[in-house]
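Each structure below is given as structure tokens.
Both complexes below contain chain A, partnered by chain B and then by chain C.
What follows is the complex of A and B.
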């Protein structure tokens, strides 16, 4: 029984049904955001600071953040995550030939190269009733593991990294910089940075060795990606029922040598992030609270097992659990499900604090999923959002992001959620390099210039900004060994002569429904679509940053960025309020690896903006 | 490298001695390094010692990268560029090329108002160098969002004010404010150059390209209309290549970069992608891929390459590697003003290909068979006359009489008016493949193993 809040129960055979005797099972009364006291405090006290960061830099896309900080008690009293862009991709897809969905939805986000095209592709495969030949699936897995081998270094060294550099540490905590210079790095022998101070110097923007090498290292996997899939981002070889890459031995050899280049570097970088994290914890244990929040995560898994994946909804629990990253939901640190169907049923999106109107007056399109299990009117298959540009108000609506929830609980998505659900489930396919133990993920990395090394990512005892970054460093090792294993599999299929990479397809004319359960660099990614008479009738994308950047939900819970900032103590040095920089909250926000292009394309309704004269006096509210 | 010099300034230039830009500002929110990225870049140049910029009039150029309705894909592409690489431009490491001070939300050290204040300085003409705008994403019609927050916003004004006193500024407004004073306005990627997907049929945001938004009369401070570098995402090197070409020209070092009638760098976009496609030869010989994954020309499975201006098959996607059709991806015209609607539905053969691919099938079938004949002879050493001594089962029984006749005439034409190499009249090569070593070494040495066994059996 995985649901606490939704009125869904399971019978002896595991079939989901609504709990009997409830009149409006999915109804709720929205809770208002109250901030009268806060406004009073803001007006009265000089040390209560209205913090407005617009834009938050070193994230992908347009993010702003608003917070109210008590600089005397060194804590945050309010936090609002604001997405400041809206593009309306789904409405562009609506009414189109479904063959357009892959390449158009790919352009929802160019930060991860091909995650949207692949999610769209799996949704279309479900709707069309086709699935790829084994080498097609293996190729897809290679693409989507190379993708993150670019993505994680970008985050660790260019986006989040500078927050831990000499420049920033020296400016915001001079005493820590003094200490760092005389603290030996425990793994110096391997990563070659003698002291923690040396690591911090390495992270300096534009001049640090780690910064520059990190930038260069984002190119290596993209080279392999371009050789196999044409270009990065927006690969040109994703087709319904497989891939269109013309594979040759050279292509795989070139990929193989690039992976080899990354193995050495990854070994070093994992240990380096271990050293940096432990130093912050030792220096001041308060850092364990930066970006802290409940251990609630969601992931859909990815990297299909080529012999299990058949793109059917009926068998999605089976092929889902056979993936190289196991789907799952973690609530309070416990894995509550690994079944894709249950994850799908628990999904709802709310727009009470976003610039959209509710779609409920249009009725419920699907009361059940294709297997007869109950679906919420707020589920993406039912969602019809009407954008309604309104004035920003911290009490009312303040972002272009919606608020997706699972079982009406706030869950976060990320590469770390993916490694977490995979480690906790213990269901990873048996292979030479990776092993899921139920509490950790063991990663074996073969000998390169450095000797063969074993790493183990253990599910952490605390959950915060540092653990998110550390987990992402381990994810580099995880992805790398997935990529390596998949290249070996590809060689194997070529050796057996099974070199087919695609399946023939035809666009069905009847009503069809499909969903692509997949993952982005930042975790969870789903595309829900419906087709009729050969055109798309509804298209919905839910991305990891839609979860993470979400505003308050109607139940009064803040979104993950907001909650993480609220839990963040203000540790930085300042003697006067004017000197406050907000580095602790920025570390908290950046640890999620925000990606706003993904977040804010959401739209699935009529082709008109809802316009009305806005009379609310929100400009006076703040 | 790696360490920030303790003292700034010195001999490298007087501008380095000015006080840090953060002094005297109302607060430090978002300024986590208490020093801007721009100052870090200048520190690096100062640490190089003697100025390298003496090769031309420009010392530094500001580039403001703005994003509207974008997916950040253009940023990602440009971060992959290697010729020149981003880090070379940003650290002033290319002799003769001014230091490029990139002001980019994905890379900048500082956030919020400390990040935005440079845009205001640019607008007010307070920067100590010229500035260029690089714009990624299309521009929405913000009239449609007038009652609320903009579709695409960046920063809010006035700076340093409480959040309830601020107004979020749309990127469209920033473009209008900054474009007149910009030395150049560069639209990066298909959204910015032609509107792209946010401007496709069915969009609700009224999106358009930068040149549509600024109008045909727009000229930058240097007198240039909008420069367009299309592609979804563009080849990252096309952007840095164009920037380098423009800067070298301005420094008096490089030739005049030419632009076509739509503002594209002519040297990058004047040819169709098909002309330099690795599969164009298959097209010429009339052989076409039937399903995805096939190695032949992709026109019949949906490739628009023959009519698309793009250089990805020649330039590669990154570091001269990849390229859509090189890898097996049919071209969907993502560099073209008509993208996506005039190329939809994808995976369907373009109508124009019906005539052209039929024609090339007809001519190709003739050309192809003639080529195979010439190729067959060119696959033989000059010593091989009949049999071929290959262990790879190429014992084809030698050449036919017809082949010999054809080759006789072919060779006559080949050497018409020329002297065949090393072949004096009356001298001929010995027949067969037996050559010198056979006579030097024992007879068995050069014989194939199975023949050796047979010979052994015959021996008494």
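What follows is the complex of A and C.
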């Protein structure tokens, strides 16, 4: 039994039904946010400060964050995550040909458009009743691993990395910088940075070797992606039923060559993040609390097994569990389900603290999913996007992000959730390079200039900002070996003459329903779709940052960024409030790899340049 | 060798000036030493492409709309001074660029910082009146289209 809050139970055959005798099973009474005491404290005490960071820099797109910090007790008393813009993709898509969703939803993100295209395609495939031929699925898997080989270095070295650089550490913790310079890096022989101080120097923005190499390394997977998908980041070649690329042995050879180029760099990078993490823990165990929160996470899995995926909802549990990344929900560190249907049934979105109207007055369109299992009125297939801009209020509404919850519990999404659910499930298809053990993921990386090496990401005992970054570094190895394995599969299919990559289809005219269960570089991604008369009647996108950047829910629980900041101790050095930089809070937030809707305000010289820009909008509500 | 391009998002009214003009520029007859290219990608990709390119350009001519608090419809042709902002601002521009922002200032700063721009960079720039979604220019900007194309051509051929 995976649900503890939703009134859903399962019979002996595993069929879901509502618990009997409950009059209004999905009803709830929203809990009020009370700030009276906090406002009094703020008024009375000089050491209790309102901290507003707008925008939070070094994240994709624009995120604002508000917190109340007690600088004497070195803790946070309140935290609010704010997505600052509505972009309306879900509204734009209504009434359109479903195939438009592939290209329009891609524009939600300037980093990972292809993941939205693919999620849209899988939703359409379910609604149309079609699926790709094997090589079409393999091709998607390659491209959507390459995407993350761009995404993860970008985050680790350009966005989060500077938080651990010499310039930041020296300014916020001079004693730690002194210690770092004389602490040998345990894996120096492989990554070639003799001391932890050298690693920190390497992470210096603009000038550090790791920063510059990370920037350079983003080019290689992008080149391979363009070879297979035609262009990056908004491919035109992802189509329902497969891919429209014409692929040859040369394309896969070019991809293979580029993957080879990444292998040694990835080996070094994993060990480097291991060394950095352990140094912080050794220096001050309080760092284990930075960004800490309950071990609650969600992932839909991805990288389909080409012989299992048939796009049907009826078999989604089977093809989901056959994926190279296993779907799953982790609650209190325990994997409670790996079944896509159960993950789907547990999903709800709430808008009590967001700039949206509730859609309940329009009735409940789907009381059950296609297999007859009960669906909440707050489920994406029933939700409607109804923007309602209003004044920012920490007690009432303060963000354009909704509050998605699973079984009414706060779960976070990320690459780390993907590796966690995969490691814990022990269901990864048997292959040469990757093995899921039930408590870890073993990664074998072949010899190139460096020798063949084995890595093992173990489910951590603590969960915090450092473990998110460490897991993301291991995900580089994971993604790389998925891509590598898929290229080898592609060679096999071509050798057998099975070069078909797409399936013909016609747009159905009746009412249809579908969902794309997929993943972005930052984790969980779902596109829920309903069609009628050949056009979209409702489209709902839930992204990793919709989960992570979410506001308080109606049950009084803060969203993951908010909770992570509330649990973060203020460790940085300061002798007076003006010296407070908030670096510990920023490390907590950035460790999630935020991906926000995009209005950027930059102060340039004497004028403020206000620019609406179109970058990553992975938490954009629609 | 001369590189010519128009910079901007599509379907963004006056702000799409460079992008729209690029479609005309690319259809024009140019001598062999002038290359017209689409540079409407995140500027990190532009810098990496220019860095890897066997062709080294002596001059770059870019057309775009930019909000500089001038009278809407003002068309300016100027040689970019190439002065970079402070490191923190460069870093901010790199962060925007790597996450996909297409923008003239980002392109100039990022590419200059990484040493892939020649000294001779000429900008043909219009002050937008509107920044709304749409395919049409405002009348004051639409009136400058031919003048801007002529300015780009003159600058590109002026070597």
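As a working rule, the second predicted complex is superposed on the first by the 595 of 622 C-alpha atoms of A that agree within 3 Å, B and C clash if a C-alpha of one lies under 4 Å from a C-alpha of the other, contacts with A are read in each partner's own complex, and residues count from 1 in each chain.
Rule of thumb we're sticking to: a residue touches a chain if its C-beta (ideal position, glycine included) is under 8 Å from a C-beta of that chain, and two chains touch if they have at least 3 such contacts.
This is a predicted model, so every value here is computed, not measured.
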{"item": "Which of chain B and chain C A:94 touches, first, second, both or neither", "value": "first"}
{"item": "Partner chain(s) touched by A:582 [first = chain B, second = chain C, both, neither]", "value": "first"}
{"item": "First (chain B), second (chain C), both or neither touched by A:188", "value": "neither"}
{"item": "Chain B versus chain C as contact partner of A:246, first or second or both or neither", "value": "first"}
{"item": "Superposed model, chain A: greater residue contact from chain B or chain C", "value": "B"}
{"item": "Partner chain(s) touched by A:18 [first = chain B, second = chain C, both, neither]", "value": "neither"}
{"item": "First, second, both or neither for A:373, with chain B first and chain C second", "value": "neither"}
{"item": "Which superposed partner A:494 touches (first chain B, second chain C, both, neither)", "value": "neither"}
{"item": "Chain B versus chain C as contact partner of A:38, first or second or both or neither", "value": "neither"}
{"item": "Touching both chain B and chain C, residues of chain A", "value": "57-58, 60-61, 109-111, 154, 158-159, 162, 205-206, 215, 218-219, 222, 232-233, 607, 609, 611-614"}
{"item": "In the complex, chain A residues that touch chain B", "value": "50-62, 64, 66, 84-89, 91-97, 99-100, 102-104, 107-111, 113, 154, 158-159, 162-163, 165-168, 171-172, 201-202, 204-209, 212, 215, 218-219, 222-223, 225-237, 239-240, 242-247, 251, 254, 355, 387-392, 394, 400, 499-502, 504, 574, 577-583, 586, 595, 597, 603, 607-609, 611-614, 619-622"}
{"item": "Parts of chain B lying in touch with chain A, wherever the complex brings them together", "value": "1-4, 26-35, 37, 40-41, 43-44, 47, 67-77, 79-80, 82, 86-87, 90-91, 105-113, 115-116, 140, 144-156, 162-164, 166, 168, 196-198, 200-205, 207, 232-233, 235, 291-295, 298, 301, 312, 316-319, 321-332, 334, 340, 344-348"}
{"item": "Of all residues in chain A, those that touch chain C in their complex", "value": "57-58, 60-61, 109-111, 154, 158-159, 162, 205-206, 215-216, 218-219, 222, 232-233, 598, 600, 602, 604, 607, 609, 611-616"}
{"item": "Contact footprint of chain A on chain C as seen in their complex", "value": "9, 42, 44-45, 48, 67, 69, 85, 87, 89-92, 94-96, 98-103, 113, 131"}
